[in-house]
């Protein structure tokens, strides 16, 4: 059975900004913040650190940054779904703008992830791409205009609402995250309040002055937005 | 400083034939055979298992199956050289026939490996390709005709000697391994006796009836050939 | 303005089965059959032959087998949309199973084609992929299970009807072609009668004993099916 | 038999800076200058224009910007060597920095070119890459540091002489061209005088104010350098 994600959630990735022990420290900080603020945190981590992060954290939902769709056998440098699962991964990022995939590979890899109960976190560029990918029914869609990734610029709220509507009209159960260009906790709060199921940040945190503090603050913002949404709905 | 390899050595890879705990068991068997026969063993292992294999073995020389040449920063699914090093990798396979690389990427990645003291184990197809790659001065060249990889058919001795001569005439210090299609310990012995610095096998072992036993036997063959070569040279 | 296609139509490609003057001869045979049976024929032709085929035929709708999305400038070996247009292409095939594209590239290239009034003929593998691609609103969708391409095996009618329904439910205006594995004129007839807007064949024709005769017969089958459908609807 | 090239020669490419009729006009200008100055000119042209340029010029040596190594058959968007040859191509550019190739593909494609008597014009980045490629014995090597391509900056003479020496020490018969960053006729003259077998320019010409005039001037510089080299050697 796939891991159940409680919304709103937070997602972060170390990309290749840090490596080795620094990844574990960042993971522990995310794990502590997840517990402190009672917010689910998806943590995308390089292949080499999946096992270590999973074994040394309690609440993080650990995702691989990519996988192939091959089955056990040849393919010396391919990323085998079963190997990710065995190392502790609970899901996988697909079609990130830094690793675009053919439509055929996305579809096949989602099939493989479903077979192994791995969550699929699929990235899109435009709204049209998000709608196309919604037809493949991943658990999470992350529509971020490529030009914003790692840029420090953020999507506007009209885009955010439009993309949520476009995805949910095809499959109501797909969770929609906003991540492109998020650098402040206030942006996290605003995106959740605008209807996003999640917010995420990687470079925004890891290139900041105090990454662990900003990480905690962003996760706290998810919690705060969740509470405010509940009040609004009472 | 890069790890020093004593020749003749043995090389094996799990490719994606096995995953998870089975990789660790295979690594331990290789490590034990390395000690038992006093033969250096290069062990190529999926990214997810690099740290675990390195931490749980004594003598294996641990190689990643591929890496990119990027520097720390973006590139969510790229394989960062520093991350491999931090996880315990002592070298890297480049341009395997199952993950061919552009000439430009091979050259850049060898530069990065040299910067981090990672051994470079570079694969070639024909003799012409081996000569081209010799100009980039990797530590190890593995010239294996693509049509033999994973096939159970083996290179003939004329090819073996010709390719060794071709590579050494460009750079005497490059170690030349034969691996394509090796399925028996006798082939390992024969290739070493014919002048190869090393022999290797992946699918030949992992698709056999008793992989751990065949692995041990092959490593023992390297030791036996080493002894016979010494006697011959006395 | 994009070329208007009358349905049902026929589509054929030379792939790389033939080259040089043989392509022109095949194009003339297709053009003659198009006139004889009053059926629109989409003709997919290697880049080198686009101008010659267009200049030497009257009715063929000429398609390039692929294009990139770049704009005029660098990119020495990229296929520039403006260059195809200038050479006489009236449309382009995208995401063929022999040249799979990233979702992002498909979307961008459809945008470029629309900008230049080039028809987009987009290939899909499964029904799920066809639905995803329907969200990008190409003129023509060609959903053919990869395992059938060039195989001589044909899609069954249940698949055909299901895929038409799936695509049209997203965008009624998309034309749906069946092409995978078609080797006989009867199959062409059957697919049109089952509701396909078009049928197509490449290897089925070009590896047959008498390609020009089979081509003519297939195009005649489209005409015959069109007539029978009209009678049925009277 | 392959076309014989007389040295020193000039090479130019339209890349995708221009398309359609403008390519033919540029080709005619190059052809006229080739005749006027009695200098061989290699002309790299998009696939769509190969036949038209070849049929409408007298002296140009027409090259395709890339090709695949497949044989006639499937591969709808692959560039078939036989198709290029039939369209009039006399050679092919391989491994351009804007279309890098795997070492394996370079080697296979050179084999295919040799089979069809097509000249091979192979690009390299560093001196190390040029030496690697020299082992594959193309007719022409164009070592241009990637960072200079299309930049308007030019290689320095120490690099030029070092790369010529490095290539010729492996295979004396390989012609070495300098092209990176050339924007003036004086640079063309200087490179030839420094020992280059050829000079080339694409963006330098096509982004200039008067491309046809600059093209003529550059080709004239090759002629002038040839004359001055003869005098020097008397």
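Order of writing sets the chain letters: A, B, C and D. Residues in each chain are counted from 1.
Please note the rule applied: a contact is a pair of C-beta atoms (placed from the backbone, for glycine too) under 8 Å apart; a residue touches a chain by one contact, two chains touch by 3 or more.
This is a predicted model, so every value here is computed, not measured.
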For subunit D, the least number of touch steps when starting out from subunit B: 1
Per Cα centroids, the chain farthest from subunit C: B
Subunit A and subunit C: spacing of chain centres that average the CA atoms, whole Å: 38
Distance between the centres, which are taken as Cα means, of subunit D and subunit A, whole angstrom: 47
Euclidean distance of C-alpha centroids - subunit A vs subunit B, Å: 36
Residue numbers of subunit A (touch at least two other chains): none
Pairwise chain contacts under the document criterion: A-B, A-C, B-D, C-D
Subunit D residues touching subunit B - in the complex, by the definition given at the top: 95, 97, 100-107, 124-126, 128-129, 131-136, 146
Residues of subunit A that touch subunit B when the two form their complex: 13, 15-21, 44, 46-52, 65-66, 70, 72-80, 82-84, 86-87, 93, 96, 98-99, 150, 202-203
